[in-house]
Amino acid sequence: MNALADFIINSLGLSGLSAELVMLLLVVAVAAAVFGIGMTISGLLTLAERRVAGRIQSRIGPNRVGPFGLLQWLVDGLKLIMKEDVVPHDADPHMFRMAPYLVVVGVFAAFASLPFGQLLIASDLNVGILYLLAITSLVTVGVLMSGWASNNKWSMIGGIRAAAQIVSYEIPTALSVASIILISGTLSMQGIINEQGGWPWQWYIFYNPFTFAVFFLYFTAALAEGNRIPFDLPEAESELVSGYNTEYSGMRFAGFFLAEFANIYLMSAIATTLFFGGWQIPGVTPEQQAGSLVLQITGMVVFMSKSAVGCFVVIWIRWTLPRLRIDQLMSLCYKYLIPLSFVCLGGNAIYLLIFPKPSSANTLVHMITTLFGGVLIVIFVTRVMYHHRISGVSLDLNFLARGEKGKYNPETQVRAYGSFRKKYEKKQGAK
Amino acid sequence: MVFYFTALITVGTASYAVFSKNITRCAFSLLYSFFGMAVLYGLLSADFVAVVQLMIYVGGILVLLLFAVMLTGNIELAANSNKTASRWLGYPLGMVIFVLLVSVFLRVPWGKSAVQAYLPTIRAIGESFLGRLLLPFEFLSIVLLAVVIGAVVIVRNRNVCNASEEEEST
Amino acid sequence: MTTVIRELGDEQRELVLNMGPHHPSTHGVLRFVLHTDGEVMRKAVPEIGYLHRGLEKIAESTTYPGYVPYTDRVNYLEAMFANEAFSKAIESLSDIEVPERAQYLRAIAGELNRIASHNITIGCITMDLGAITPFVHLLRERETINDLIEALCGQRVTHHYVRIGGVAYDADDNWLKQVEKFLNHFEAIIEELDNLIVYNEILVKRMADVAVITADDAVGFGLVGPNLRASGVDWDLRRDMPYGIYPKLDFDVPIGAGEKGTVGDCFDRFVVRVRELKQSCRIIRQCINNIPDGDIIGNVSRKIKPPKGEVYSCVEGARGELGVYVVSDGTEKPYRVKWRSGSFSAMSIIEHISEGLMIADLVAVIATLDVIAPETDR
Amino acid sequence: MSQVSLEHFLIVSALLFSLGIIAVVTRRNAVAILIGIELIINSACLNFIAFSRFNSTVVEGSLFVLFVIVMAAAEAVVALALILAIQKRIRSVEIDKTSSLKG
Amino acid sequence: MGQLAEYFNAIGRTILTCSDGLAVTFSHLFRKPITIQYPDRTAKPLTEMLPERSRGILEMDQELCTGCSLCSKQCPINCITIDVQKNAETKERILNKFVIDIGKCMFCGLCVEACKFSAIRHSKEFEGTVSDVNRLKINFVEQPAPVAKPKKGEDPVLKPVGSIIRKYLADQWAPAANKSSDTNSGGKSE
């Protein structure tokens, strides 16, 4: 971005205040772009969640607004904007209003340092990955603030749960990230990706058995930081009504909601960067990619699809697993994740001592780990096929002739309401 | 420009934290102050410190403070604790210190060198920590460990004491 | 850590929470007043009465056949059993004989209803513990049962199928075949459920050793049905106080064995219900194979006037013993009707076992005790 | 950015420092006093960074500040643990009421 | 050692059971959804999808009703009101009013079972939403007319199920001003 700014300033021959103004405008423009991209991604994720949930539960999910319901999230957003923004009478109004902003800023500011492509990054910081971990701590405060300011006991419990949970799980997250930093030797997001390659055995997840374990540790901890099932205690619907966002409505609720989904994308994108080789295309070196626009776009598509898979897994887990209790949550963090990530960190350090970077033994370890991962996937697929076989037999009880995929047909409907009714009456009148 | 804006936010929210009567709001307004400090560090080309400031102060200390505020019950009463004579001592004292400091800062001719370009500091920091400053670094970890154990002991011990005393009294 | 907090015993640190009447996990309009210290409960006091509809008083102004549709409303999940309990009371009061085919149909419909009800319960337990998908899957199966029952008697929830002296509609062979088809499908679903959620480690950890109800407590508080059996008490009305055609049928009564923790914990209450699904399937299969031809309703006059007297009749509903006590004064309207329901006694034990639980545990307890608000309040 | 000189940063830190002093002196709530102390520590850190930025060695200030931040975190943890203990003991977090050191 | 084994056992159990659950849900992605896209994307009109015995909103055929009020006596909630007057001159019994309060009705079917003349029966209609609860009191007698006198051994001529009630329910959504014209179109819609 600095290069772009320099280019503009130099080519226009600006200096002093006006140069700074151009710089500022550029910053605002890039920030707006990042925010827009983040919003779109999280909006689409809300739709994806509902569609995936639908299919997992033998339903369809929203499919009416736009093709395949693709515009549903826009309509939902519109609805939420138009709703009244209720502030409870006894709430602390300023803090109540401020909290969603903190959450939204904390999550979307992190998008600034996501490497969507080799050149598609708003700002490639030296401390990229640490910045991502740090800026999301605003979310903690925002959530705590919302819980406190709502003046509702359920919200309060939710807020405190959220804060305790996020603060605790930052430790395993940071430790597992540290393992990767140890291998890559850089904190910059692009640097970490450049160290990896396009093929699976060049990814850091298959670097050695320890990184393979670290990925799962990171994933679990990140799930907990994102307040997703099985760690969604802060908004545990059946316990705390809706947790810290119980009292929120309208746009402020949408803020929390979108921030949650942006957080999912964020964690998948970080996982993609750290473990799955980011935008690297198999068989193409970064130097080759830098020269070609087509390869750039392919790289972006590769990154997006990898992180989309990550998002899918998060959603899929959310619709499968039950929720932990608060003491189990903490014991999972302090008894399992933290010690194990320490072990992995130490293991990685020892591994690096034994196998210096370019060596054939190293490649062998990569290959073996990749093979192991492949075997796991094959076992999983067999289980899926087994389940599909034993109970996937569709139930054909034709009492109702139900479930036939019908086209929209108002004439089949004898009495229909609203617009359908009007259309129907028009047809009747024409006859 | 960025500097003045950030400085304004930092000082403004810090003074709110100092003068407000509502202790919860005090703690929350400290968030902006810490955040502003991080931005100032960033402006001073100390990117690693800025990130650490965010992680530890905002993510750690502030949350701890907020927990303490929320756990220490009757907040509304404690918040109105400005009505003491010490106010007449405190405000002038602050003023005097401020004037003193500013006069010193402005009078001393600091040996200024030319402002350098933004440089990544991480490598240098890392090398110092694992080389020149290894011993202090290790001491720091021991101190942290001691602090964690100490804090747990302080909090736990009270509970047990209280419980046992209550058992005695009943 | 939790024990330390409880040892403090400090009233000032008590947080009083109002769980309900509108709360996602109270399943209807119930209210619990929770006295908690942070997450840990001191006491949870249930408050009932939000769904009181005067079902017992209404009986005094309706005829006997006219009261049968009201019994559908005793509990929206087990209308068939309430119908059956009331009909059985009047039958024994006025010596009406029920034809055998009707008894088989009652058993089939009742067990279908039990499966439907347990589907909801198991689904709600998993949903309250955070897993939403099993709930929807089980709801899907319940939908098929509802369709089957609608094809049998015309209504999905308020069946009004079992009548005094028999049943209202006959089932044709096609319907019975469809039921069998459904069972083939559903038994596969039970296995899938085992893989999906029942032995899921998170779920097990959430429920094992939580809120243990000992056998003594269970009997003392008058728990019935699956809740009682989960505490290790082997008591099933279908076997121990046989009625209808149940003595002719061969089925097991699953009891809690402390599979993952202690006998009588939440997991036992959960898993007993899952096991009962399979037994219900077994019963229905036997009924379908053995069902005779014949009448479906006995010799009942339009105006039923039972002789003076009183009777208590009970059936093993999905929530255990669902009993009705009828006092007749010889007219065509009952003098007094009193219901005895499983949810009410399950509700009464919550305060007793709630001490020291966490809020999340209480949710599991309410769900596994299977408290249904309308049955509690009537 | 070039017009921002060392003195600007120093004045900001002086402001924060005096605010911290005021908080420490006037507040009776222990948490509020802790807030004041954090402000004081922050102002010192700012000075370190500013001096090192405007002198030749870039890293020295950062190193010092990192140590300070870690120590501040440790101090905050202990202080808050103490405050919680005091709160449990005397039902108040006001400093004037803590006249005894005995547990 | 035992504790360590338990530690890793717990991790293993969790991973195994959770991944098996995930496999089940994943296999659902390849199954057909069972949703019925009510009301506008069904293959058939919904009422035709209901089983024969389905107990929907009650309807009464005036041409078959003898005004015997067996149904209203059976009704546990008295939601049927029948008004029969004897014409003093012709000695004919005239059915003035036959009102069913659908808002009260609990669809138990006792009245249908009681009727000997197939005059009252359940339709398969179930959508009774109206803007005013009083509109749910449907009077099935449009013009007071003499009651039916069925002969023994003759089967009553039944109208198609739902044809009567549909007219009244269609009425409910008609604007008040041009109600009569709308009634016609509602009639056509059968």
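To keep things simple, chains are lettered A, B, C, D and E as they appear, and every chain counts its residues starting from 1.
Convention: contacts are C-beta pairs under 8 Å (C-beta built on N, C-alpha and C of every residue); 3 or more make two chains touch, one makes a residue touch a chain.
Owing to the predicted nature of the structure, the values given are computational and were not obtained by experimental measurement.
Engineer: In the touch network of chains, how many steps separate subunit B from subunit D on the shortest route?
Structural biologist: Tracing touching chains, the least step count from subunit B to subunit D comes to 1.
Engineer: Comparing chain centres built from Cα atoms against the global Cα centre, which chain wins on proximity?
Structural biologist: A
Engineer: Out of every possible chain pairing, name the one holding the most C-beta contact pairs.
Structural biologist: Looking across every pairing, the one with the most contacts is B-D.
Engineer: If you take the mean of the Cα atoms for each chain, which one ends up farthest from subunit E?
Structural biologist: Centroid comparison gives D as the farthest chain from subunit E.
Engineer: Using CA atom averages as chain centres, what separation in Å is found between subunit C and subunit D?
Structural biologist: 62
Engineer: Could you grab the centroid distance between subunit A and subunit B? Build each centroid from C-alpha atoms only and quote it in angstrom.
Structural biologist: Distance between chain centres, rounded to whole Å: 32 Å.
Engineer: Cα centroid separation between subunit A and subunit E, in whole Å?
Structural biologist: Result: the chain centres lie 47 Å from each other.
Engineer: Scan subunit A for residues touching two or more other chains and write them down.
Structural biologist: In subunit A, 20, 56-59, 319-321, 387, 399-400, 402 touch at least two other chains.
Engineer: Which parts of subunit C, given as residue numbers and ranges, touch two or more other chains?
Structural biologist: Residue numbers touching two or more other chains: 12, 133, 140, 147, 150-151, 192, 195-197, 200, 202.
Engineer: Where does subunit D touch two or more other chains at once, residue-wise?
Structural biologist: Answer for subunit D, listing residues that touch two or more other chains: 1, 91.
Engineer: Can you check the complex and tell me which residues of subunit B touch subunit D?
Structural biologist: 2-3, 7, 10-11, 14-15, 17-18, 23, 26-27, 30, 33-34, 37, 40-41, 43-46, 48-49, 52-53, 56-57, 60-61, 64-65, 67-69, 71-74, 78-79, 81-82, 84, 86-87, 89-91, 93-95, 97-98, 101-102, 105-106, 110-113, 115-116, 119, 121, 124-125, 128-129, 133, 136, 140, 143-144, 147-148, 150-152, 154-155, 157-159, 161-162
Engineer: With touch defined as at the start, can you tell me which subunit C residues reach subunit E in the complex?
Structural biologist: Listed in rising order, the residues of subunit C that touch subunit E are 62-63, 65-70, 72, 133, 140, 143, 147, 150-155, 158, 160, 168-169, 192, 195-197, 199-202, 204, 302.
Engineer: In their complex, what parts of subunit D are in touch with subunit B?
Structural biologist: Residues 1-2, 4-12, 14-23, 25-29, 31-32, 34-36, 38-39, 42, 45-46, 49-56, 58-59, 61-63, 65-67, 69-74, 76-78, 80-85, 87-89, 91-94, 103 of subunit D touch subunit B in their complex.
Engineer: Which positions of subunit A touch subunit E when the two form their complex?
Structural biologist: Those residues of subunit A that touch subunit E are 52, 54-60, 316-317, 319-321, 336, 380, 383-388, 392, 394, 399-410, 412-417, 420-421, 425, 428-429.
Engineer: Quick one: in the complex, what on subunit A touches subunit C?
Structural biologist: Answer in residue numbers: 53, 56-59, 153-154, 157, 229-230, 232-233, 236-241, 319-328, 387, 390-391, 393, 395-397, 399-400, 402.
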